[in-house]
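By letter and in written order, the chains are A, B, C and D; residue numbering begins at 1 in each of them.
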Amino acid sequence: MTFDTASLRDPRSKGRHIKACLTQQVLYQKSTGLERFDFVSQALPEIALSQIDLSVSLAGRALSAPLMIAPMTGGDRRALVINHRLARAAQRWGLAMGVGSQRVGIEDRSRARYFELRSQAPTALLFANLGAAQLVKGWGRDEALRAVEMIHADALFIHLNPIQEAVQGGDLDFRGVADRLSRLCEALEVAGVPVFVREVGFGISEQAARQLLACGVSGIDCAGAGGTSWARVESLCADSERERLMGERFGEWGIPTSDSILNVRRVSRSLPLIACGGLTNGIELAKALALGADVGGMARSMLVKACQGEDALNRFIADTLDELRICMFGTGAATVAALRGTVVSCR
Amino acid sequence: MTFDTASLRDPRSKGRHIKACLTQQVLYQKSTGLERFDFVSQALPEIALSQIDLSVSLAGRALSAPLMIAPMTGGDRRALVINHRLARAAQRWGLAMGVGSQRVGIEDRSRARYFELRSQAPTALLFANLGAAQLVKGWGRDEALRAVEMIHADALFIHLNPIQEAVQGGDLDFRGVADRLSRLCEALEVAGVPVFVREVGFGISEQAARQLLACGVSGIDCAGAGGTSWARVESLCADSERERLMGERFGEWGIPTSDSILNVRRVSRSLPLIACGGLTNGIELAKALALGADVGGMARSMLVKACQGEDALNRFIADTLDELRICMFGTGAATVAALRGTVVSCR
Amino acid sequence: MTFDTASLRDPRSKGRHIKACLTQQVLYQKSTGLERFDFVSQALPEIALSQIDLSVSLAGRALSAPLMIAPMTGGDRRALVINHRLARAAQRWGLAMGVGSQRVGIEDRSRARYFELRSQAPTALLFANLGAAQLVKGWGRDEALRAVEMIHADALFIHLNPIQEAVQGGDLDFRGVADRLSRLCEALEVAGVPVFVREVGFGISEQAARQLLACGVSGIDCAGAGGTSWARVESLCADSERERLMGERFGEWGIPTSDSILNVRRVSRSLPLIACGGLTNGIELAKALALGADVGGMARSMLVKACQGEDALNRFIADTLDELRICMFGTGAATVAALRGTVVSCR
Amino acid sequence: MTFDTASLRDPRSKGRHIKACLTQQVLYQKSTGLERFDFVSQALPEIALSQIDLSVSLAGRALSAPLMIAPMTGGDRRALVINHRLARAAQRWGLAMGVGSQRVGIEDRSRARYFELRSQAPTALLFANLGAAQLVKGWGRDEALRAVEMIHADALFIHLNPIQEAVQGGDLDFRGVADRLSRLCEALEVAGVPVFVREVGFGISEQAARQLLACGVSGIDCAGAGGTSWARVESLCADSERERLMGERFGEWGIPTSDSILNVRRVSRSLPLIACGGLTNGIELAKALALGADVGGMARSMLVKACQGEDALNRFIADTLDELRICMFGTGAATVAALRGTVVSCR
């Protein structure tokens, strides 16, 4: 593999993304759609709040709670500080966590150390992360395993983000992507590494879910619209007027998180499913689970709290899990599995 | 039965609740759903307004009108003043009335006298009141009968409030609650005391209605969302920041009153049904009856008027019953039973 | 028949009603529902605007246009001035017209002359008007014929207004009303006077339409909600606080005009049908016709223009008929009958 | 053919229309309805953005992109300047373009030269344009061919605008229009000139689509409501108070563009279909195509940019096509045909 150095990912772009997400209007105007659903309050819960069991398993590993710190960053010093904070929280609370795209760490070995998390989260479920566009360009088994090893990950995310690439004039060729994914899944199954495919926030259609299932993925993160709008982020971080305009125009593009979950579940009742995009508290997390997700992910909400400090982050996670527990108590669900189906669509 | 004195109900909490309900924003933002229904005006009513019969029977007793003063308070001197005023109105207008939870009066005999109402309402239909959480903890037939005797009640309410308990860190174990309810219903049937089960304002699901029917309850008060939000009340009365936050987060939890009525009626067309939660005038009362309730209950509306004085309370009840009569006249319903089904859902 | 003089209609009340309708907020907040329907524009109309035929027949008489000046007033000098102006317009444009309730003219013969219109409208289709409540109290054929003769009417309206009566504490006994209507229809058929029954603005339900059809009425004016709210008018004209409150509370009571039309048409495709309530221009008139009315009526809109002067009134009618013609042109309807069904419900 | 000189089209009216469209509130309040549809984001597009093929064929000619500069103006010097600018853009980008009604150029030969565009767009697909009302008055094959020759057009538009004519008291006789259209289509088929029929912005009903298909048209421009309201334009340009009023009253008349497309497609899946009315960017254009149009047209958006200068116009077209390409990329559509059906209705 050779690389066009000009196309090497600008390591500063991560910093810009984080800054935009912390300080600017990066959210969708359209909602996750979760507000269309209401829990069916159960007046006779027949459970004890203290006995509620939040544990789930994902990628062959046990989590203490159905919550994931979604992939966000990595690859430079500032990102590392935030990621270490997040990793300690993942470890402490028994959550899953992902890192942002490791492309820069693969392309520039000197940057690989800025992805290191294991020191902070010795036993947490960690996901490595590469973009599908790289697969199309020729990356495969080797780079994937290097990414996994780079952070001693337990599983790998391949992220899909065609619209983000399109508005910023990035990688614009996705021909053969399903075929490359199939081959990667096969190769990594041999290596014992589960491959999850994820959107970055434009959602998963029924058709895409069907294709991914056919590719043999171990699971999906169907990150949908209603939270951080990646077209909007790119617009705010744009270098050119044209990118700014395109990002803005496509700021509302995407399948809302609630529809995204339902799309995947229409295709498979059992495929491991993470749901991300616009989750900000434990009630929204609980609704995502009730609609069919196995685990809910949060990116921006976690980032904001991590930047406020370790205490704020821990308090946020504690509150979120308490809210989830109360939702389970209030619907009479003793386990996360029992929570599924406890919502109805309201006016 | 022994009691952990530390867990004894703080008698001051009642006072705080009343103060919050009178002075703060304790209402749901979401509505009862009654505004989605419109009466079908009947241009040819074939009745005389003066002949309209408001009487109904509940718990084996005749009421002059299908209206109840919902359980609210009791157990201290200030509450008693309000309750006496309400009891006199119940007596005067032939309404039903309930008292607030008598737990404190059972746990501390010296407080039992603060529940006394019979002196003011010698013949009104009165409901005693205990929490289902106490049943789970071991209370049963004996405590129930003591509660009934304490106020010379005609019937007993067992209230369900898991979400209220959860947000305030109260009684959090509801395991076996249906079983305990069954046994209590059986025991009190022998004693000739009808047992009604009621929510405090989070509504009754179809499943809960089915369970309660199976328990052998004599009736249900399906108090739903759209009026006083008990999560919000607890948030406003909270001692700790965590309780304040949880109460606020769950401020919109609950099944709207209109849905709550329809849920119960989907399970049984004939089970005696009181509907409470967000009723503020005679048109809303009439809609609740048209949707299937036998009697409508009002808590906060009655409290507010009672605090304005006996005259205001009497005028309010008179107006409410006049409005109900006009709704019946305008739909051609000569009896409360005939009012059922006279609404249609509007845009 | 004897009369309780105390219950004689206060002749001043008409004046108050007119003043309230001209100067205060008497309209429903809820709409006629006509805005939910859109004409299906027909790009190839195959007609000439100048050939469009607005004529219809009603009560056995030809009208030049499907428009009626709805019954409003009469019985005192000031009302007479307005009514004469309206009658001249009816004559000039070949419209139908009704007078307000003639009860006062029957009860007090000296007031009969204040209903006189024929001098101004020698050939227009005129409707006499009595209230159904009077029929229930014992009036019948004789009073009806006196009302018809009083104004040399071609037909008779019997108006229904239970809610208006209820909020003002008026005539509150409608027992036997259908029976009295049946008998009146039979008696007046012999006398050759068509009897139309009308609401005053609370609409006609499917059930009421079925009853009226069974009574043998010659037609219905299904005046519905969305225009002048008669509960609101009564509230504004109330003498007592209680009437004011009840009128206000019931200010939104009623079946919207569009639903009212559809209700009648569900019961009969051919019964002569006038639609009134909230029509303010020719497009709304055209929609009422498209939904199934044969003639549209306007009360308050005509009153307002008549008070602005004869010119304003004539310009208003001319514009209204032009708008109707353009609607017919734009849907390719050469006749009023062809207009039926040219709307679809829009979002 | 003789002409009533008094009815000759005032050549200044075009200037007034343009001025109103540039400086006043000429838009519908109601929308195109396109906002009710959302693209189904496709996370696995399997295409390369650079390989996306925007080319389509229309009226037997190839276009580089499915975009048309809708007919707007012509017939005087000022209009010619704008039209030349638009024609150069059509040529440069390989778009289709139409001229405004050539009636004035037929009636007054000295004005024919103000329609000339071929010098600026030697190979672009150009549409001549006459009104259906003229066909009804007696024009036919000869005038149509003169219009085509006048601008060396490749095809002919016959525009339908009954409501526009009605509100301005223009040509108000459309009797026999379908028959005249049939005959014209037949005659021009012999001459090798495709005839497209178009609305000017009030939309096409299912019935009209069926009639046009039966007339043997080569295609339809179903220009609908949601963009420029021609009743509103006429109101703003009115000479008399009556025209002003009628224009205003009918300002919201018309079938929204999205419904207009669906109406035609319900009648024929394959009839060449241009969609116009309220398209302002490439995402809206893409939605019109996804709903079934073959080409999208823009009038006012193009006019505004053309008046800002050639650069602004070129930038606008470039951005619009880029947005279209991104929509195709984001839904995995490599060709315009593949874009059809990629939207779903959203809440």
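Observations on the model:
One rule holds in what follows: contacts are C-beta pairs under 8 Å (C-beta built on N, C-alpha and C of every residue); 3 or more make two chains touch, one makes a residue touch a chain.
In this text, all values refer to a predicted model and were calculated from it rather than measured experimentally.
Seen as a C-alpha superposition, subunit A sits on subunit D after a turn of 90°, to the nearest 5.
Measuring from the averaged C-alpha position of subunit C to that of subunit D gives a distance of 45 Å.
Spacing of subunit A relative to subunit C, judged by their CA centroids, is 64 angstrom.
Among all residues of subunit C, none touch two or more other chains. Arrangement of the chains shown, judged by which pairs touch: one closed cycle in which each chain has exactly two touching partners. This structure has the following touching chain pairs: A-B, A-D, B-C, C-D.
Residues 33, 36, 132, 160, 162-163, 166-167, 172-178, 181, 199, 202-205, 207-208, 211-212, 242, 245-246, 249-250, 253-255 of subunit C are the ones touching subunit B in the complex. Within the complex, the subunit A residues that touch subunit B are 38-51, 281-283, 319, 322-323, 326, 329-330, 347.
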